Amino acid sequence: MDLTTIVLILDSSVRLATPLLLACLAGLYSERSGIFDIGLEGKMLAGAFFAAAAAYWTGSAWLGLLAAIAASIVLALVHGFASITQRGNQIVSGVAINFLAAGMTALLGQAWFSQGGRTPQLGGDARFGAITLPGAEALRDVPVVGEIYYELISGHNLIVYVAFLMVPLTWWVLFRTRFGLRLRAVGQNPAAVDTAGVSVPFLRYRAVIICGVLTGVAGAYLAIAQSAGFIVNMSAGKGYIALAALIFAKWRPWPAMGACFLFGFLDAVSIRLQGANVPVIGEVPVQFMQALPYILTVILLAGFIGRAVPPKAGGIPYVKER
Amino acid sequence: MSAPFEKLPTWVEVGVIPLVNVVVAFLVAGLVVLFIGENPLEAVKILIWGALGFGEGVGFTLFYTTNFIFTGLAVAVAFHAGLFNIGGEGQAYLGGLGVAVAALALDRYVPWWVTLPVATAAAALFGAAWALIPAYLQAKRGSHIVITTIMFNFIASSLMVWLLVDHLSPVGSMQPETRTFEAGGTLPELGGLFHLFGADMGAAPANISIFVALAACVFVYYFIWRTKIGYEIRATGLNPTAAVYAGISTVKITIVTMLVSGGLAGLMALNPVMGDQQRLQIDFVQGAGFVGIAVALMGRAHPVGVVLAAFLFGMLYQGGAELAFDMPTISRDMIVVIQALVILFAGALEHMFRPGIGRAFALMSTSQRERVVAEEERP
Amino acid sequence: MISGDEVPGRMPGELDMQAPAAIALSGISKSFGAVQANRNIDLVVEEGTIHGIVGENGAGKSTLMSILYGFYEADSGDIFVRGEKRKITAPDDAIKAGIGMVHQHFMLVDNFTVLENVILGAEGGTLLKAGVSRARAELKRLEREYELQVDPDAVVGDLPVGLQQRVEILKALFRGADTLILDEPTGVLTPSEADHLFRILRQLKSQGKTVILITHKLREIMAITDNVSIMRRGEIVATLETAETTPEQLAELMVGRHVLLRVEKGEAAPGTPLLTVKNLSVVDANGVARVSDVSFEVRAGEIVGIAGVSGNGQSELLEALSGIRPATSGEIRLADGEDLARRADPAMRRRSKLAHVPEDRHRMGLVMGFEENENAILGYHRDKTYGRGVFLDRGAIEAEAREKMQQYDIRPPDPRLKTANFSGGNQQKIVLAREMERDPDVLLVGQPTRGVDIGAIEFIHHQLVAMRDAGKAILLVSVELDEIRALSDRILVMFAGKIVGERGPQASEGELGLMMAGVTPEEGEGESAEEAQAEGEMGRASAAEPKA
Amino acid sequence: QEVKPAIVYDLGGKFDKSFNEAAHIGAERFKEETGTDYRDFELQNDSQREQALRRFAQRGFDPVIGIGFSQAQAIEKVAEEYPETKFAIIDAVVEEPNVRSIVFKEHEGSYLVGMLAAMASKTGKIGFIGGMDIPLIRKFECGYVEGAKAVNPDIEIYANMTGTTGAAWNDPVKGGELAKSQFDRGADVVYHAAGGTGIGVLQAAADAGKLGIGVDSNQNMLHPGSVLTSMVKRVDNAVYQAFEDVQNGVSMEEWGGVQNLGLAEDGVAWALDDSNKDLITDEMKTKVEDASAKITSGEIKVHDYMSDNSCPAMK
């Protein structure tokens, strides 16, 4: 494979990894605070739908993004209410949210647009377009560096850059701020946070809301940046892959980026390998490539590649009075 | 699954509270219908008529009910051991492979009643096998079974696509599906039975696998509440430490429970594959594995509750199809929404109305607790 | 006694004091569902004193202090801090009012460093950086002032319990607490560590701080407190000046009647060894040695008691003996049977006629969601009597349960009642009935009377002695030294996973206490120093200091 | 005669910008022109096909038209149950006396757009993106390749299928990625036969400043100036025709059987309108019209992949 091919595959990986990364970081905030979230998928889907609907009505991608975030936050608050205030089962709540999003988006899509659950196609300002970074055109013809800069680094839409900037930002928030310290603590031992004079519910609600914001952005990316409209079940399991990536990353921001990029890369490769014969290996069934993230996660969970220990208080409602 | 906040009598615990939760779920669903601009009462009327108003509707309702009994039982059995089997979808999918293998091998040579037990065994076996790895990883390596079973759903889906596209579909077929089974691989339908009651089942696919489902209910009841291993399963689910103290191997219990759970999920395939379509298709499970979660939560993990909840969901699925037909603005996704609301209110928010109900109840009668105290204080 | 918003009145004999009390509670009540944990409590704690609170398990001590700290919210009642009425509904309010608390179960984040734990909730700014360096300096100061040495960068989970407690104290001091509540701080400490803690408390007092100390140990009350309040069944039954009371009086107030600490029993007639343990060691999942090289035997017709501060390997020893946990090395034999040490199989032990009353009925002994009759067969459910083949015979099980409930006076006598609906004492009886009526040869008993009322205690003790007299071998583990001394024919003392000595039932409390701290008189001071060293940075020979 | 027509769309839904939508357009036109209303139903999953068809037949709808080859089995079953009702299926052949099977010579239309692609390409590289990998889609591909090679025998053609299951019809993200990968390799015209997935293909072409070719419906106006042309399948005409036939009281013998619609029958065509008129030069137009005439007359015979499951042009 020549450099161009590699750069182009990596470029595609970046595009495919972006929604995973946003959802994965979203999950990171929630799970670090001790609230398991298998509802990433649903929140992303709801975000995608409302992004497309709002962008279609208003013609503005920005309003679409806001709508996506709002919709996602609403679902995040439902999850928060069930798992923080009502101390319900977080897995059950997450499952419910996934179904709620799947059903509601299709239902509303059909009721509002009667296009089989789809929203109308978007164009122009209703989408986030590609951004050419300064100097990209000039550097374009410089060998290697220019190619990498022009193809791989420049030319993505805004949300892609936001997603990747979220990684250092998340790291910084988690390990350098008061909020981060408390967040890490509350996922490990909520009683310690409580007795230190910090409200556990408030802290967890904030984490869950951040999770909503990020899944909303991820959804908006799907519908109004990567594609030009919403289609039924658009998230297609990406929320679960993000969850897998989160486990893979052991709930840490930088490795999360690595894991999401890896899974995006696998996706990019599997798309390009479709029908093509890989030299030496022969034809790899696409289905195998598609299943690979899940297989890798199971292997990791089995403890064969390191050990993924979730935040200690994760999934357990904080109950001080039985 | 639930830590009781206050002690309420059993009939409130297993009767009133779940009922209130489900009713609230439906009320919220009604609001959704209203929001879309349709009349919820009209919708309910169409739904109930569609599900029970005529022979064919009933036939479809029973067809879906059969699916949900199996998957609901699968989730319920796992609940008793404190396990959350979210992998019913994948296990049922693999169960379909078992059914297809049995039917494809036998349908040309033996009558259906010979194929049925073999297919049943194969479905259970394949479903159980698909649950085995997550079970083993949970038991031996502590990998969270919720995550592994989710992963296994996806892996199952890829595996089955690969098998159906590349290996099982006849050459030249446009659809990734096996050939159609012949008479020896086809389950008799319930049309005859309907005729006894003077009804016409029309083309509804309800078939005798519903009896397998009911037998599975009886099996689960005895298995959980009457056998020693069932006792051990419940002990493990309620207090794993006490189970270890009692000499119960949690590894064994986790694996056995998941095998039974996966087997039950696998059996679900009998109904659509051998009963309805007579061929193995892509995605034939169609979310029934997930409906099982709602069914088990609503049915409080008890076979009787599961049958009732499965019937309710069967009605929803069939009635919902009619509803989508007659009210074009309400698509079938309404069912998914209702399902989500049931899971939310009967599962994650199950305690929301408890304090209120508890208070209401305390006003009405002497609580069990007081009875206990009174008896204790008796000299 | 008091009404309105006035500062509550004082106890008799203290009327002359002028300064407002550091803490005054008035009419505090709290219930958890059906359990009334605190009932209309009034309490005054004077500034600059050490105030003890004693009471049996479940008397409501922790609940009361947690209310003062804002961890729980009282159903009714008022809190006054220095004469001012405060609304304390969250720990934050308490911290602001200058109250700090060291909880019975530590509130630490295991994977955080000491420093991170200390600043949590008091970071002093949105960013950590400034707060961290300020905290580092502050820790240095506190370390100097109170001899509270800990490495600020050590990960808390790696620290021994004594040091973890220090971190808890530092947390409170760092927040500028004037009033420090300690909930059973010595339960996890060796006597020498406890002495060190008391030195710190005295120093705090000398600087004008107020300390509230919860403990079960009357000795400690007598040694360090100025005043003491006694709680019983959710109420404060008396508040006394320590100098004017005696341990006997306190004990009587605690349990509500004269305590008979002696158990009527005859001489033991030990027979052949029924349980033999040789060089047994247990290493836990984290690679920590819990039991090291323990050897002893228990003979037919005797009760062997194991004394020790909790957390010194008794639990692990019991678990290894009952087959819950595999031993790492050594031998366990029942009568003349084969070595069972490596076969962790509780069911097999039971079949070999070994019964086990676990230390914690909630966690291990019972399945709270089961009906009583189901718990009555827990562990024995595979017996032929309860059904042949794969099925259980419900009729037989219930009939037997009904019979046993009668015999042990378990109330209410309804075998179909959910176990969670029985009271603690009755739950304990369910366990005892199950294990003792099985006619075992060897009985392992852990904390048989924890949280059980006096009447039931007598019954249980009587049953144990009766079993001994019937020729059973009984191994008794209890943190209640009185119970050990009253019941045992021989006493083994455990410290840091080892058996450090054996004494007869006549051994004095002082002697046993020293041994529980790892000081074995005959073996000389050398080892004790070594052990003390190994335990951490506690005061050196202070363990030998006489107790007040 | 009074007609009560009904349509059951395939999973893509009636506004798929593709062949379901074409059916919808035909039905709407009929409604406008005759005032006859019709009922339609959008499937949401496979198990509904039969149920929906049967429900229409039961309630006396006639004709009942199923869109898409995946309804073949369901139509066969229901048509047997209701022998008096006239059924029609698009894109598949069902051997029942009361079923009209309407299939198209997509290879002919694809041949023409293949020619246009080859002529419009500056790089000498063009692409094809199919939906689900089935013989029907190979038929599109094969005709396209043959047409392109007729113009430029050395042309390089990249071809990808989106997937192997029904999901391949509705994955615009993947469609977009596949298109980008073909552009990256130098292609500058890409033809899709991928239903909803194709929306992503055309979007990617527009985003990248390359050319896409639409399918089934006229998709030129989706991205004016970026869609070279569309290979239109006149499902609308077929549906209109079917409704009209029933209205005219067609007999069951006349109704049944297979309609194989190609260029000659106006069943397939290439689309030229305001949106793409600047992209099509006169020379291109002449050449294509010439070829079209030759195909109609039988002078050029485009190979039908489905006749022998092979594609000589791709050897």
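By written order: A, B, C and D. Residues from 1 in each chain.
Convention: a residue touches a chain if its C-beta (ideal position, glycine included) is under 8 Å from a C-beta of that chain, and two chains touch if they have at least 3 such contacts.
Just so it is clear, the model here is predicted, and its values are computed rather than measured.
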Any chain in contact with subunit C as well as subunit D: A, B
Top chain pair, ranked by how many C-beta pairs fall in contact: A-B
Centroid spacing, where centroids are CA-atom means, of subunit B and subunit D in whole angstrom: 40
Subunit A and subunit B: spacing of chain centres that average the CA atoms, whole Å: 30
Where subunit A and subunit C are represented by their mean Cα positions, the distance between them in whole Å: 47
Whole-Å gap separating subunit A and subunit D, where each centre is the average of the chain's CA atoms: 36
Contacts with 2+ other chains: residues of subunit C: 33
Touching two or more other chains - residue numbers and ranges from subunit A: 106, 110, 114, 117, 322
Numbers and ranges of subunit B residues touching at least 2 other chains: 161, 165, 331, 333
Graph class of chain-chain contacts, one of line, ring, star, complete, other: other
Inter-chain touch pairs (all): A-B, A-C, A-D, B-C, B-D
Subunit B residues touching subunit C - in the complex, by the definition given at the top: 4-7, 222, 226-229, 231-232, 234-235, 238-239, 241-248, 368-369, 371-373, 375-376, 378
Interface residues, subunit B side, partner subunit A - complex: 1, 3, 32, 36-37, 84, 86, 133, 137, 141-144, 146-148, 150-152, 154-155, 158-159, 161-162, 165-166, 290, 293, 297, 328-331, 333-341, 343-344, 347-352
Complex contact set, residues of subunit A against subunit D: 4, 8, 12, 15-16, 106, 110, 113-118, 121, 123, 129-130, 222, 226-229, 231-232, 236, 268, 271-272, 274-275, 286
Residues of subunit C touching subunit B in the complex: 33-34, 322-324, 345-350, 356, 358, 363-370, 374, 378-379, 381-382, 387, 390-392, 394, 411-412, 417-418, 420-423, 426
Residues of subunit C that touch subunit A when the two form their complex: 32-33, 69, 71-72, 90-92, 94-96, 101, 103, 105, 107-112, 116-117, 119-123, 125-129, 131, 171, 175
